[in-house]
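Letters A, B, C and D mark the chains in the order given here, with residues in each chain numbered from 1 onward.
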């Protein structure tokens, strides 16, 4: 088995781990973190596919450029998602603190 | 051969360990720190997978900016928890889930992992990918880096959308402001009131960083690098300067700021439309002009991305401008 | 000169009037216009009866007037017009305005259902008339009306869904070339693999509309909750949508559905007697009329059932006539009730009501006599014929009971009605007495000849233009027929029998709605319980871990399924 | 230069995609009071563009294809517009334009203000969302679809909490996270497919897949991942956790767009996957499962809608039920009419649902109460709004001659044609439930008010006109479909 396949297996494992966290962990920040982990593992899988299609020219390894471009786009999109999610969590925190100060109940786990 | 395989396996084991810590560590700080470390090691892994462009992006955005963002959020969360000890934790779900449910979820996740692993092992040989097509088409673009070719020529629409994603994400972040704070500046990024070390760093590092960022963008045409990597580095330098208190975050109502943010996408769109006039269609480059046009697009994109990423890290406006 | 524009204009007039309701300044005028709006349809129907074919197609929906449709349309338009005349008199201004908003779509649907020439347009009109009747029934603002309207809605919707499914099944064997015309539908049905399901669903759906036992419970509640003037048009005209549906869609001429025919005949007869039995125990005059409607519509259904059983196309003709007659008479009876509830009982009105009520039972020299006579050759002299005669006896009993309850009706505060209301009642009564006589040669010609022992000529039943000379000739022949005396007695004996029983009997009252009330309370509780359980289930499904689990579960499930 | 002089179908396809994008960027850059006018102008131009495109495609019976940058797939990305695409495109355009016009007076800056937060966000993100939706419709590239779907989510989420109420932040977060989960799964699937054939173009992939006798494990897993991920974004039961709070909590114009347009995007991609990549998959177990979930959604959504006490949550649950109908297309795909039925249902539901939400918005603003039991007198105060509500409700119920009716008719026909009678049961039962909640509102609203002194409302005429337009479009759509004849071939 070549090294890239090992990376693929690792990515599969990390995907399972982070999916579990995304579903089970109740804290939104930890969910966001797990999402990032999940996304990065998915990109590794892309990278493994790219590497499989590559080879060596003049001793320098190269990989299929298309998945690489897709990963770069995907990383930026994932960053945008993270920013938005974190901003929402912070805003929610602030709203929660405000309601706490007024000592009123606010149900959000429904 | 075996030596590199051992090195790769070692890298993989470190990655797995850091992933497990990220996922399962109790304190949020530890988890985020582990994730940042994971990102850096992952950049190494990308080099091993022969994807240097991705390695640069991963290090800049995946590990650096994301890590910074999460670290800030965790810190803020902790401060608020201390300030409001009776505050309920925000949860999207009831935490005390039934143990049976947890076991079932774990089993299903393990199932997904197992099927994925099986699929990875049984992928057909030889792979049918696009290495050849890209190599044949690349000279027409005048570029030397195939990844940049894919990003800015073959799949330019993806890149255009990717650049606007950042703009709209920024609008989304701003939308969370209080109505009273609209038009004002985001909260100051200064971490501590007065730190000589940070000020020094803020003064020393940016010139090098900016240089490096500009190089990354310039090199991107023929070597690993490009607008996103360069822009991220520039943004990081700006953020550093902001946290050192050397510069002020601009107000969100600032016209110039908004133009800086959208100019990259607008110019991209304009050059894309000019393709019609050049007879090569939307998002096409007339023969001979392509490298120059791509460089212009990349230059403005780098600028816009840098400003947008910096503003994204700064967050929603907090204080209204004095009328 | 072409007058093809008349039919679309006639059918669209109520809808156009509905549009004027959008202007708040015009809205209060609507009730005063109600009598005018059905008149184009009346003209169209009369022209069609004179042999001028009217038809049009709009965006896949085709409408045309053949003689059965025109006959029912003429009667319905008359009723709608005259009842509309009475509306501003019996209701106060705001109430009448609100009623008009539902009156108009119901009117539109009720007229269009007789003109529909294919499956789609029929279902369109049928759904419109069914849905907008809901507004007429729930018009009054009291709990009883809401209750009745809710009950009606559940029944009507279930019925409509059955009809929809039946229509889809009927349309299934058709291709784009044949289109969805009724002829194509009934022609294709016998060989269709879905014929039994289609006819069964049709009977179920239309059975709800015409109140076949045990699907009748909504009718007494609805008719007694609705304002009587609205009940007049619903019981008179709107309910005939079910009859025209049976006439159009049952493959009577094909004779391949004898089991279904037998079922419909038996169910119809059971309904006829059931309506009578429960009806005589009612105290509210509107409820008595409702049960009478159940009974009469049941009899019509049984007539069609016998037709289906024995492949007798004449049954359609007889049913059309029977329905048209019932349409007008039921309209008069409800309208009389509407006027009396406002102004108090008057002996002249009661006398007229008695006469028309007995017309339903077949009183000689009334149009009802003709209707009963037309039934004879189709139902035959056997058990079914005897039962039909007994039903006529029961109808006599029921109508006398109604007159007694009507006489006892005391308005809360007697008011003097505008003369137009009495004019409407008078004209409608005259129409109910006279119009059927005019229609007889077209529809009942052959059944009556059979009944009277005259030779049946070869004139086709449908689509003979109506003319005065033909009409006089027809009656000259009939009056000189040898079998007239016997036929007269056959129709008269049940009437006398019923009258005698009416004198002898006095029964304690029952609440309207009978079975529905018993089922309702239990049913509601069960439905609420199920709803609660579903809500609880949904709440659990919305928990994040459960939804996430479901998502991953689906991923694995799909992957495994695709790997096969 | 001739290309510039005459806008053919190819140019129109590109314009349909980038006009809203340009509008969004300009609205953001210029901001202030001008943002609104830029967005409205964009909508009008886009309306002209899409109508012309639809005219060309329908009139000339052609499929317009465009290779972006001139690069042929598998290297480049291709846009494609066929009859079905332009129908959905046109529907979305009508909904968007009508919603924008009806909301044009909302969130205006006060005289001493330069711009408002909600105003800038609404007029920037709505055109952006539109651009993303159009990309989803037109793009033929699996990864490009992913990016477009992500933009759609990123624009929709901030709009959900536009009013800044605490509970809407939680709803928005829930929406974002679940949608992200769906996207990640989709992306993973797309990656695996690239690994198999080195292309992401739907047309090329369909060719490859048609050569297979048996699906390799990677393809099976990829399709499973993509299907489930997209289903999470369409909020099919049991993946609907995010929809009710988000759609009910958002401002009414946003709810209208979310329910009418946004949930449909993922469904369109799903249709592409199953009808274009794998034609003839109607009898597979997956299609049956999708149908079962659809039936479940119809029942669950209908019952929950009946049990809501407020107008907007009721309409939100109605969306869940109506999405269920769409999923019945998969098991019935063997019949010729199923595809048309799904498309027609999608469009008529979009129009009707937008009308319902906008009407609910006007009711909340001008009647001041959206508790269903408190609506007595509404018919007197806002007759036009209620009329539009009623017509739209009838379309949902499937009363003839609305689009909802024709769609239901065709679905039933498909059920008979394929011999899978069982699917008729949820279709018919769902109609009963829908009628239940629509009539429940009408019954109360038509009652005279408890306090008779309710003044006639001052609902702006433009808003009423737009709501009526949407409701009537749903009706006209049905008539037009009837005009094309039955059954569709």
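We take it that a residue touches a chain if its C-beta (ideal position, glycine included) is under 8 Å from a C-beta of that chain, and two chains touch if they have at least 3 such contacts.
Predicted, not measured: the structure shown is a model, and the values here were computed from it.
Undergrad: Specify the chain most distant from chain C by Cα centroid.
TA: When every chain centre is compared against chain C, the largest gap points to B.
Undergrad: Of all chain pairs, which one counts the most C-beta contacts?
TA: If you count contacting C-beta pairs, the leading pair is A-B.
Undergrad: What's the distance between the Cα centroids of chain A and chain C, rounded to whole Å?
TA: Measuring from centre to centre gives 66 Å for this pair.
Undergrad: Please compute the C-alpha centroid of chain A, do the same for chain D, then give the distance between them in whole Å.
TA: 28
Undergrad: Quick check: how many Å separate the C-alpha centres of chain C and chain D?
TA: Computed from C-alpha means, the inter-chain centre distance equals 41 Å.
Undergrad: In whole angstrom, how far does the Cα centroid of chain B sit from the Cα centroid of chain D?
TA: Result: the chain centres lie 31 Å from each other.
Undergrad: Multi-chain contacts only, two chains or more: what residues does chain A have there?
TA: 15, 19, 22-24, 28, 31-32, 45, 49, 52-53, 64, 66-67, 70, 73, 77, 80-81, 84, 88-89, 91-92, 96, 108, 110, in rising order.
Undergrad: Could you check chain B for residues that touch two or more other chains and list them?
TA: 90, 92-94, 97, 105, 109, 112, 115-116, 123, 127-130, 134, 154-155, 158, 162, 165, 168-169, 172, 176
Undergrad: Two-or-more-chain contact residues of chain D, please, as numbers and ranges.
TA: Within chain D, residues 143, 147, 150, 154, 157-158, 161, 169-170, 173-174, 177, 181, 188, 192, 194-195, 198, 217, 221 contact more than one other chain.
Undergrad: What is the shape of the graph in which nodes denote protein chains and edges denote touching chain pairs (line, ring, star, complete, other)?
TA: The chain contacts form a complete graph, every chain touching every other.
Undergrad: Under the stated contact criterion, what part of chain C meets chain D in this complex?
TA: Per the touch definition, chain C meets chain D at residues 22, 24, 59-61, 98, 120, 123-124, 127-128, 131, 134-135, 138, 141, 146, 149-150, 153, 157-158, 161, 164-165, 167-169, 171-172, 176, 180, 194, 531, 534-535, 537-538, 541-544, 546-548, 550-552, 554-564.
Undergrad: Which residues of chain D touch chain A in the complex?
TA: Listed in rising order, the residues are 143, 146-147, 150, 154, 157-158, 161, 166-167, 169-170, 172-173, 176-177, 180-181, 184, 187-188, 191-192, 194-195, 198, 245.
Undergrad: Residues of chain A touching chain C in their complex?
TA: Touching chain C from chain A are residues 19, 22-24, 110.
Undergrad: Which stretch or stretches of chain B touch chain C in the complex?
TA: Those in contact with chain C are residues 92-94, 97, 101, 104-105, 108-109, 111-112, 115.
Undergrad: Using the touch definition from the top, list the residues of chain A that touch chain B in their complex.
TA: 1, 3-21, 23-24, 26-34, 36-37, 40-41, 43-45, 47-55, 61-73, 75-84, 86-94, 96-97, 100-101, 108-109
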